[in-house]
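Here the structure is laid out as structure tokens; the discussion comes afterwards.
We just call them A, B, C and D in the order they show up, numbering each chain from 1.
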Amino acid sequence: MKKLLLTGFVPFLGLPINPTEEIVKTLDGKVIGEYEIVSRVLPVEFAESARQCLAHIDEIKPDVVISLGLAAGRTKVTPERIGINCRDGEVDNKGVQLQDSPIDDNGPAAYFSTLPIRKMVDILQESGYPAKISNSAGTYLCNNVMYATLHKIEQEKLNIRAGFIHIPASHELAVQKPQLPSWSLTDLQVSVVKMIESLD
Amino acid sequence: MKKLLLTGFVPFLGLPINPTEEIVKTLDGKVIGEYEIVSRVLPVEFAESARQCLAHIDEIKPDVVISLGLAAGRTKVTPERIGINCRDGEVDNKGVQLQDSPIDDNGPAAYFSTLPIRKMVDILQESGYPAKISNSAGTYLCNNVMYATLHKIEQEKLNIRAGFIHIPASHELAVQKPQLPSWSLTDLQVSVVKMIESLD
Amino acid sequence: MKKLLLTGFVPFLGLPINPTEEIVKTLDGKVIGEYEIVSRVLPVEFAESARQCLAHIDEIKPDVVISLGLAAGRTKVTPERIGINCRDGEVDNKGVQLQDSPIDDNGPAAYFSTLPIRKMVDILQESGYPAKISNSAGTYLCNNVMYATLHKIEQEKLNIRAGFIHIPASHELAVQKPQLPSWSLTDLQVSVVKMIESLD
Amino acid sequence: MKKLLLTGFVPFLGLPINPTEEIVKTLDGKVIGEYEIVSRVLPVEFAESARQCLAHIDEIKPDVVISLGLAAGRTKVTPERIGINCRDGEVDNKGVQLQDSPIDDNGPAAYFSTLPIRKMVDILQESGYPAKISNSAGTYLCNNVMYATLHKIEQEKLNIRAGFIHIPASHELAVQKPQLPSWSLTDLQVSVVKMIESLD
């Protein structure tokens, strides 16, 4: 059976929970479509998150890597089109802050996702779950994991499809934040399952 | 058994569906808490919506009136605090547009909702459904129905509690609109039921 | 010559500056149209702001009262349509927080502004300054000052026109806040002058 | 004297004006810092905008290319970090719509701007003009021009610095659109001048 590495993140930037952590833990070990799901939760640390993700790839040898991240403020499920060679933004959970810093000094400017992002969006929309391709995964940890994963796959000529998907906040988070758009955790999780089912 | 008149609206402003219509139809005839639900769907017409709502009150003689409206763009369930004596905004479904026009030339500036709006918000939030009191029901049909209902109750000294609750768009609507925050219809409906259950 | 009491507020909720304070200080003593401007800066305290505003009215005996407030997040100049009999929201600058608390236990639910708000909006828009009538001044200090002023005028049968106008953040504020829409202080001030000029 | 090619766009997507057109026309022929400004207005057509921009580079042989675009909805001046090899989005002014279409089949995924974007943002912020680096120029005409320009420079090993800067809507536009954040045309133009002055 084919294997799918599904990653989420721990909470960050003072938010009390991270729905991606809950979703990947729930789906760990499940079989969805042709894939056995192997889940890992990543730290929100520039020095560690990508390193650990790459180590998981070496250990698990997945056919597909889908990394999930929380995009507080977004209203739709948004598969990312591209990861860029840049780290910037708020402090991470270790207090580290970077500005305009390349992820790999010798890497290209960007990598496109190799997930079927258009198909994923179409299937979600047809199923009644609002979805849209995003053209920026930002420059924080999410983008870092996306770029580093695709860079490793390219460098080592691995036969792995990979990409990043941002999801909205969960209702659980939004009850604590005045303006945050949110979905139920159930809707978020069903959306992730539907995207995995869309894979060949 | 006590009776609760639950109103929704037909679609408007070019939107293809209105989740309030679906919710009130689904709940029609149900018993929730101590209340039998009697549902009515109102037109989006300045000349008709309030008139029909008041006629439904005369016919049904409810103990409570809860009117639901869609607030496209809101991220939370928002019981309205106040209805104001003003009609303004976009054209209605008959092409009528009003500007700064009083609902009742001799009516007071505004009426506060007599629903337990704070308790409703607290119960939703505790149940994991983001909710917040809204301080403006706008000046369109929703506010018109709210003001007219509270004005009738005051004028006729009726023993009825009444108010208006705006809900976010449904996922079904948001798949057709690029930026609209949305909840599943299930979440919207459960929220309405929880607010009704909060009534004495 | 007719007199116009123009009020602004000190900074609040941790924001470092309040453009309304700067604008009212700059316009103090100026003659605009038929009006001599008398400016006062109000504290952001539930116990004091309205009390001081009413005392200024007694002292200055203005023909018109225009109170200005900052609406961080708004993109247009927004004359308020209505002030409501409610105090709620964040803590004030003294640490006081109120919830669902009437401003006057015996007062009506709301008062409409007696400023020519539609004319003000039309003149601003024609002059190229985005403007829109707002249907809610919130339930914080701004609404408190608006309601208390209109209530005093009604109770004491004073021949004074009064109302509240919210303005966007200034660029000066927005350079410190990631998402805040803003105008230059010049644009904000010119807009206020244009609204005063629109008065008979 | 060094030359700077400054491009703007004609109006698009039904908007009546495009502030970038007005700004580049006003600055055409001016000397700012060490640069003579040569301005060109580009069409909003996938087939033409990049082709014309590249022809202008061949003709003018500038030392620097700054392309301006309108980002309706943004609240700050946003120098773009990166242009990506993708065309997607709404129909252009000729009715052409593309989806997930590469700009150059053999080009890399993306190019970073070679303008001093961090310095530009710092100078604007210090001068009281809200600014922020953007991580996505989208996938419409703006990104197309940015990518095509940087691709040509790379392919032909030209000694030209180039990049794209999105600006907010002007007040003139926002008086016609209910929710659009806006700046005065003066503020927008001064910001562009300040960014040009920041160049060595």
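Keep this in mind: a contact is a pair of C-beta atoms (placed from the backbone, for glycine too) under 8 Å apart; a residue touches a chain by one contact, two chains touch by 3 or more.
Keep in mind that this is a model prediction, so the values were computed, not measured.
Enquirer: Counting one step per pair of touching chains, how few steps separate chain B from chain D?
Expert: The fewest steps needed to get from chain B to chain D is 2.
Enquirer: Can you work out the whole-Å distance between the CA centroids of chain B and chain C?
Expert: 30
Enquirer: Suppose each chain is reduced to the average of its Cα coordinates; what separation in Å results between chain A and chain B?
Expert: 38
Enquirer: For chain A, what residues touch not just one other chain but two or more?
Expert: None at all.
Enquirer: Classify the chain contact graph as line, ring, star, complete or other.
Expert: Per interface graph, the chains form a ring.
Enquirer: In the complex of these two chains, what residues of chain D are touching chain A?
Expert: 81-82, 84-86, 88, 99-100, 108-112, 118, 133, 135-136, 138-139
Enquirer: Under the definition above, what is the set of chain D residues touching chain C in their complex?
Expert: 75-76, 125, 128-132, 171-172, 174-175, 178-184, 186-187
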